[in-house]
Amino acid sequence: MDKTSLGGLVGGWGLVALAIILGGVGFGPYIDVPSVIIVVGGSIAVTAGQFEGSDLKRFTPALKVAFNEVKVESLPELVEKITFYATEIKKHGVMQIEQKVMEETNPFFKEAFQLLVDGTKPEVLEPLLETKLEHMGKRHGVMISMFGNIGGTAGAMGMIGTLVGLVAMLANLSDPAAVGPAMAVALLTTMYGALLGTLFAGIIESKLAQKHEKEVVACEVIIRGSSMIAAEESIGNIKMQLNAILTEVME
Amino acid sequence: MDKTSLGGLVGGWGLVALAIILGGVGFGPYIDVPSVIIVVGGSIAVTAGQFEGSDLKRFTPALKVAFNEVKVESLPELVEKITFYATEIKKHGVMQIEQKVMEETNPFFKEAFQLLVDGTKPEVLEPLLETKLEHMGKRHGVMISMFGNIGGTAGAMGMIGTLVGLVAMLANLSDPAAVGPAMAVALLTTMYGALLGTLFAGIIESKLAQKHEKEVVACEVIIRGSSMIAAEESIGNIKMQLNAILTEVME
Amino acid sequence: MDKTSLGGLVGGWGLVALAIILGGVGFGPYIDVPSVIIVVGGSIAVTAGQFEGSDLKRFTPALKVAFNEVKVESLPELVEKITFYATEIKKHGVMQIEQKVMEETNPFFKEAFQLLVDGTKPEVLEPLLETKLEHMGKRHGVMISMFGNIGGTAGAMGMIGTLVGLVAMLANLSDPAAVGPAMAVALLTTMYGALLGTLFAGIIESKLAQKHEKEVVACEVIIRGSSMIAAEESIGNIKMQLNAILTEVME
Amino acid sequence: MDKTSLGGLVGGWGLVALAIILGGVGFGPYIDVPSVIIVVGGSIAVTAGQFEGSDLKRFTPALKVAFNEVKVESLPELVEKITFYATEIKKHGVMQIEQKVMEETNPFFKEAFQLLVDGTKPEVLEPLLETKLEHMGKRHGVMISMFGNIGGTAGAMGMIGTLVGLVAMLANLSDPAAVGPAMAVALLTTMYGALLGTLFAGIIESKLAQKHEKEVVACEVIIRGSSMIAAEESIGNIKMQLNAILTEVME
Amino acid sequence: MDKTSLGGLVGGWGLVALAIILGGVGFGPYIDVPSVIIVVGGSIAVTAGQFEGSDLKRFTPALKVAFNEVKVESLPELVEKITFYATEIKKHGVMQIEQKVMEETNPFFKEAFQLLVDGTKPEVLEPLLETKLEHMGKRHGVMISMFGNIGGTAGAMGMIGTLVGLVAMLANLSDPAAVGPAMAVALLTTMYGALLGTLFAGIIESKLAQKHEKEVVACEVIIRGSSMIAAEESIGNIKMQLNAILTEVME
């Protein structure tokens, strides 16, 4: 479980609830089912229209990624593991690691080292893995932009809902006492849109982008490491090159 | 028929209609012909002014693309087909596939493999197909930006319409009872602009961009596959290279 | 005359006029000379301050470009012409075309083929023409951004004008009957700013950008064609390469 | 003196003054010292916080650049001068121009040709001058973004000032007669922010960017010219290459 | 201590305080604890949700960077130091500088010259240091975007808070006398959001970006200098190359 994703989400909604409670009018005036329908339903409909079916199916998996702990190792662990494999190969040959590679859970790592075990030449290995990384980036980019679009759509649907409410209110001014509550209801969709955009879509979009960035760095380390092993570079050189990514030279 | 495009569009407009019905004042106050004219007509006029005639003629075809099912094969099917052709050529020579290529419906695939049949050298084939892809990208980009511009223009025309309505109302405050309905009418153009931008242009723009991205990946697979066949690479290598794009190594 | 530019402009303004007429208060409340001065005059002043004198002088020529029919040939015509010249040169030598080149009206084409006639080597010709194209792009970019800036400035001057009007109105609330008309006048500058930005600057900006894109493609065809002629490539190859840009492989 | 910078600035402020005079309430309601303090002072404070001391010191020099006539020659003059130097060197050797170069006022030109006089090889000269140009671009970019940030900050401080004023007014509604003037004063900071952003920061930002672009082109001409002289290319070739940048092939 | 960061922050908040004092209603109406909770707390929660735990831990260090004087030398000092080391190495060999390098405080400089002392070849040294610089840029970019996101989130939470307040007020219009103060309180969250975005996040974001840019230039000088020493270039050439970055050729 990614504690910061969950904590941020729960904390954000909790603080809004707290502000409502402190406001003293209770939750009642803040709940309006038609307003929820137009904002949440409308955002779902627009998003469904904007994206391809194959990408819409990745909505729930993407949410899980945002809320699960990163599955890739920390960079120092990764460098250590690559150095370990490089040493094993130098000592006992590439066949020695075959069994271990089969048990790896990081799929990019597994694929890279299976190619190594298969004896793929470095000039084939590196562009192949870079193609994989590039296409992973495209797939991730679609999901990140999906949550970005949801944020924008939620705001637009909120504004549309408020306009629908305002027109209804203005067309029907006969009872002045009803103006306040009608106006309050009209504003609710704008509020729902802002909440959906800020406290849901905006958090997921940014978190997915952050995880993607970290994953790209990990994949780059794997690409560089496996290419250097394939090119039979010295263990010392491999270590030095990979540590260059690691060391935090300056804050 | 692209179900998500249609579903999103119908769902979005349906939910707005539902919200209006639930509002209890009926559709009457939401319909104003002059407001439709200034927003829809104005957006058409500005778009016509912004783009070249040859691109404006592509408006309806672009709409069809957004609402039709993608005509390109799924990536795994495409890779399988390319591998099949590569194997046929290895076995029986390039002439063997000539008839089959003629029957292909994917025009980019057809063109690439016709060039192969014609014996085009790999160093000519690859840049030629990349030029084609680049110019396809430019043509698609114009249409994507056309729908993006429509969204922006609809919003601007909505605001202009509201200002026109507000000035008329303010210049004529003699009858206080008319203020509410006049204000309601003034807000309608803003609402129409937001609806046109969010529930039409925004959906089409994003859907076209998504389909373009998928098509680019398919074309890249075709370019790489046909270039490797032209360069007489081994079937095994072709398979491995194309599968690199395919495998979803990580979510 | 570019019919879409003119049609869009006339249509857009006409629809706004129609909306005003349908509003029933006549044109009177929509006309306020000081508001025109602050929005139009202010936008001119800011634009003059933002750009260099040498670029400001290109304002009227740029407007003419936006409203004139493109002077470059259609791509198929261009490819045909280049193939014709290539064939002539193959048959009768480069001197044969000298007279015809002198009569060309497309200046980029003329310059490229005059360099060919002068016997410029392909390794000099191509970078030279690309430098020309790049600098043409910079000059066009300045004018496109000028109209983009005008749109932004018109909106900002409209807001400033409205604030000037609101302050005057609020400072002088003694006569309640004057509030409505004063408010109406204050809103006029915002309306003028939006009209100037949407129905003038926005149209010209986009149209210039579209024409620029088309011109770049034409220049790229000319560069590729003339370079291939200079490199003495076969007519068949020249045709195939240039047609790659032409064929609309997919919508 | 750059007439368009000055004219734009004076014209813009003059038109706003004119609009105020035509409004009929005089300058009085538009002047409020605390509002000036929060907008102008706040923008200065935020800008000081955003940038490094060494860049803040370049504020006044940057303003001077925006209001002074460009010191670089026009492109045709520059090309002529480079051709003249190239001819002199061909005829009398590089030492002949040493004295003349010392008297040049364009510092980039002077530096490039002093390196030529010092016998710098073309493969050293070109990357060296490009490094200089790149770092000049970074320094200019900081100042351009400084004025861009000032525009954004002025708008934000204007909004903050208006909120401060509104809260004061709303917290103190006992005297209804004071509401109008209090509201007017509250709006003044928004107006000041928009004026500072549009009629000062926006003009300077754009003018600096325009001058930077022109200077980059001039430097590129100098780099290309001096590199070709160092590479001992023919006068004819130098002329042709430099004129490629010059000729306005199309509008 | 970075005087401009601190001065800007203190000055900005001081001027807002001054504007409140000059407003004459005292600080009372500007302080509302629930509003602080929803804006500040909400921004913290959203930021926590948007970023990874490992990056959130860098919040305080990043703040320190923004408020501390740059630790890197000025460029002229840096060039002088590199030239000094280059001369020492030429005279006494690379071992001579080992002790001095150990005492360096600039970590990037230290690492580059330790690699030199270790006899790293130039073709290994340069890409290694560039990898380090690139990853430093990624780490810095995350923190710069974190403060950028905080600015956007603060504004959004301010708007949400104002909507919460407005709904409470409108749902409860029975006491007209309470409308003014309730409205004032509702506006406070928007004001807090704008203050947090402009006078905190905006300043830190820009200052970090400025410091990052200066640091990148310093690192580039170190990379170029150490690579040239490794390549055993002449002292004269090293000086000339490094000074190219230094000289301010034009304002």
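By letter and in written order, the chains are A, B, C, D and E; residue numbering begins at 1 in each of them.
Basically, a contact is a pair of C-beta atoms (placed from the backbone, for glycine too) under 8 Å apart; a residue touches a chain by one contact, two chains touch by 3 or more.
These numbers come from a predicted model, not from an experiment.
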item: Shared interface partners, meaning chains that touch chain A and chain D; value: E
item: Neighbouring chains common to chain B and chain E, by label; value: A
item: Chain A on chain C, rotation in degrees - Cα superposition, rounded to nearest 5; value: 145
item: Chain copies touching (chain A, chain B) - same or different residues, decided at half shared; value: different
item: Centroid spacing, where centroids are CA-atom means, of chain D and chain E in whole angstrom; value: 25
item: Centroid distance [mean C-alpha coordinates] between chain E and chain C, Å; value: 40
item: Residue numbers of chain C (touch at least two other chains); value: none
item: Topology of the chain contact graph, where touching chains are joined (line, ring, star, complete, other); value: ring
item: Successive chains along the ring, chain A then chain E then the rest; value: A, E, D, C, B
item: Parts of chain A lying in touch with chain E, wherever the complex brings them together; value: 3-9, 11-12, 14-16, 18-20, 22-25, 28-30, 70, 180-181, 183-184, 187-188, 190-191, 194-195, 197-199, 202-203, 206-207, 210-211, 213-214, 217, 237, 240-241, 244-245, 247-251
item: Chain D residues within the chain E interface of the complex; value: 34-35, 37-38, 41-42, 44-53, 55-56, 58, 61-62, 64-65, 107-108, 111, 124, 128-129, 131-132, 135-136, 138-139, 142, 149, 153, 156-157, 159-161, 163-168, 170-173, 215
